[in-house]
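Quick heads-up: structures coming right below.
Both complexes shown next keep chain A, but they swap its partner, so chain B is in the first and chain C is in the second.
Moving on to the complex of A and B:
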């Protein structure tokens, strides 16, 4: 789906736990998620930290959307 | 006598070229055009009782009606087999052959044989149906491949007429349909995998049991020039929908997408949303739907001016066991909707 959105000219940040696969399949902007069952955040963390983790992921996605890329690129949320 | 109906377009039917491409399906007695050669190959074992002719444009522009009319005409003859084409590299014709085979085979429970070039879009269309009763035989690009195509079509038709079991694509020579059938193997999967690995390491030929899908490269979209002016939409394949699943998404092999309003929500509250998806434990997202649509974090960043604004709907579908072609089609539809709504960039959350 990410590839088709890109093809239409809309930049897309794909938040996915399976980011190595997303890279292989050619998604352009990829943000690693936490887990399959909870991509944006982590219920094992205290509520504040859980929400902070989610904000990091969204922030990484926003950074990805304004970054030029030539090939599948991973934007880690840990850098936020 | 084993009865066959043959489907062909206006050109091969001898009615005319593009100027006749608008004609609706019509029934003719016996074999028409290339089907005469097909009848020679079939000999006494099968008889082409009738032919259905349809204009390429009529089919391309009135798909559902063309299929319905064709099925109606074929039913009058009550054949035991439908044959279509060969279509070679003609896209409209190949697509029509694939669609007619699917429609006739499902509504009449008979096998169908068609033939076209492997790169004809009809091949992808046919493969997407994964229909065990439809066989697509590869042909050359042009009509120069006619004798070979007719010979192969007739050979398969005769075997179907004789009630023979048809083996896998790679052994029988028709195009693979992406259908996996159970069979008894003498060696375990571990032994077979090791044999393949050893063959690969010593540069010997081997045939994989799980072919790797090849994807066309897509050039990345240009980045957003000014995030503070951008409208961002959220999309998800998690199957997150309003409680009650109003659009009846399927938990697996879903073919539907929808967009749901986020206006007035600062967070995805527990109890108002549910995830419909067979491929992961949806209980965690049910407890906190922000894990799938991170609305609380997005609203916080929106308020702080990190980006322009959030598009007031989120896009949702269920990705579980989704066929790539179906997912691609839904993404294309979503992208059109997004662009007409003024969306600049997308945050897509996959589970």
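Moving on to the complex of A and C:
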């Protein structure tokens, strides 16, 4: 779905725990997620740390959307 | 560890005044089984039915399937940790009723109503195209029809059904206790020529983070947080591995399949001749984070290496998440110099043109396909339906409020996944491949 949306001109950042799979399937912009059941956060953390983790992932996704890419590229949330 | 598996084939089964086995004829005392195994506060209604290959019969709400076995010598009971105390099994003598199975047909309204961890069941047809694709279309089946009291927790529901079903299976095989088997097989990992390739079986299993039970239990425990466990193959034959009792998807391994694991059997048959069988590694799959997946893969390949393996056969079941875990393990085994063969079913869509596998690593250069899990399947109408009702309500795509389908009608199924045993998991199926 990410690949086809991207092809139609709508930039997509795919947040997924299984990022090697997303890369293999040709998704353009990939952001590694925390956990399969909790992609955008970590409920095992205290509330503030969970909020910070969520912000990190969403910020990485927004940065990915603004970055032109030529091939499947992984944007790490740790850089935020 | 030495186990003699004694075969008592069942050619005919019928109701009678006592439970006994004689020259392939199994007489079953229905009242004894009902009063000994199905008087449980958690069970609202229960009945038993006998169905035979070739009959125009459809079993609905079908869940686990069990082969009757009884230990006549050696420590422990069959299905240790479920039927009795936890005692090491895999030694001594075990009797089996081959060609016969105990099938659970269960209606359960538990606490989880929807999703992957809700109660799901499948179908078994005793004739027609449905019977051909499942091993349980050609076994004589004793169907344990159970309606559970509503509102039980998933673990309570599982324990009520499993206790009855495994108990009945043990009781039936006990009928052979004083008899001589049709044939017997000595199972022992004897020391063999060290120049033979040393092969380990890596057996993956899944779980759902939201579900209280894993797909398989080891000595009665649904093993959740664990890394690779080395298991002696004889433990499979004595029922140390039991399936969850309230799941009937075709892509789910039944207790019968764990007891008769085709790859374990085949590796044993070739032990000392073509290979040196190093044992089985039970590997939990379906890890939630990428780091867990990496640790899981390197650890399993490390255990294989410690077991002295220079070759591995790997297999798995059920989900996309777990497919990635087992594929990463294939890659790590190859990187450590363990030549690996992966045995898997394919996706490929309805006409075989979609992606056959979800994910691959370049090291996976030897894969055995056991067929597609996604082709359409049409079942003709049947004369008789066996189950808690005459309506199908619990196939995976239906919610609890679905009005259901008349079970005796012609059915167009989305895939063989709706037949218990309908997807070949570990290479025991009858499909073959020819180029033309």
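By our rule, the second predicted complex is superposed on the first by the 80 of 80 C-alpha atoms of A that agree within 3 Å, B and C clash if a C-alpha of one lies under 4 Å from a C-alpha of the other, contacts with A are read in each partner's own complex, and residues count from 1 in each chain.
Here, a residue touches a chain if its C-beta (ideal position, glycine included) is under 8 Å from a C-beta of that chain, and two chains touch if they have at least 3 such contacts.
None of these values were measured; they are calculated from a predicted model.
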item: Which superposed partner A:18 touches (first chain B, second chain C, both, neither); value: both
item: In the superposition, chain B vs chain C on chain A residues touched; value: B
item: Contacts of A:76 with chain B and chain C, given as first, second, both or neither; value: neither
item: Touching partner for A:32 - first (chain B), second (chain C), both, neither; value: second
item: Interface residues of chain A shared between complexes with chain B and chain C; value: 17-18, 36-37
item: Touching residues on chain C, where the partner in the complex is chain A; value: 209-210, 288-290, 320-321, 324, 358-360
item: For the chain A and chain B complex, residues of the former touching the latter; value: 1-18, 22, 25-26, 28-29, 33, 36-41, 43, 51, 54-55, 57-59, 61-62, 65-71
item: Chain B residues touching chain A - in the complex, by the definition given at the top; value: 215, 217-225, 227, 230, 232, 235, 237-238, 280-285, 287-288, 290-294, 296-298, 300-301, 306-307, 317, 319, 327-328, 330-332, 334-336, 338-339, 343-351
item: Complex contacts: residues of chain A adjacent to chain C; value: 17-21, 24, 32, 34-37
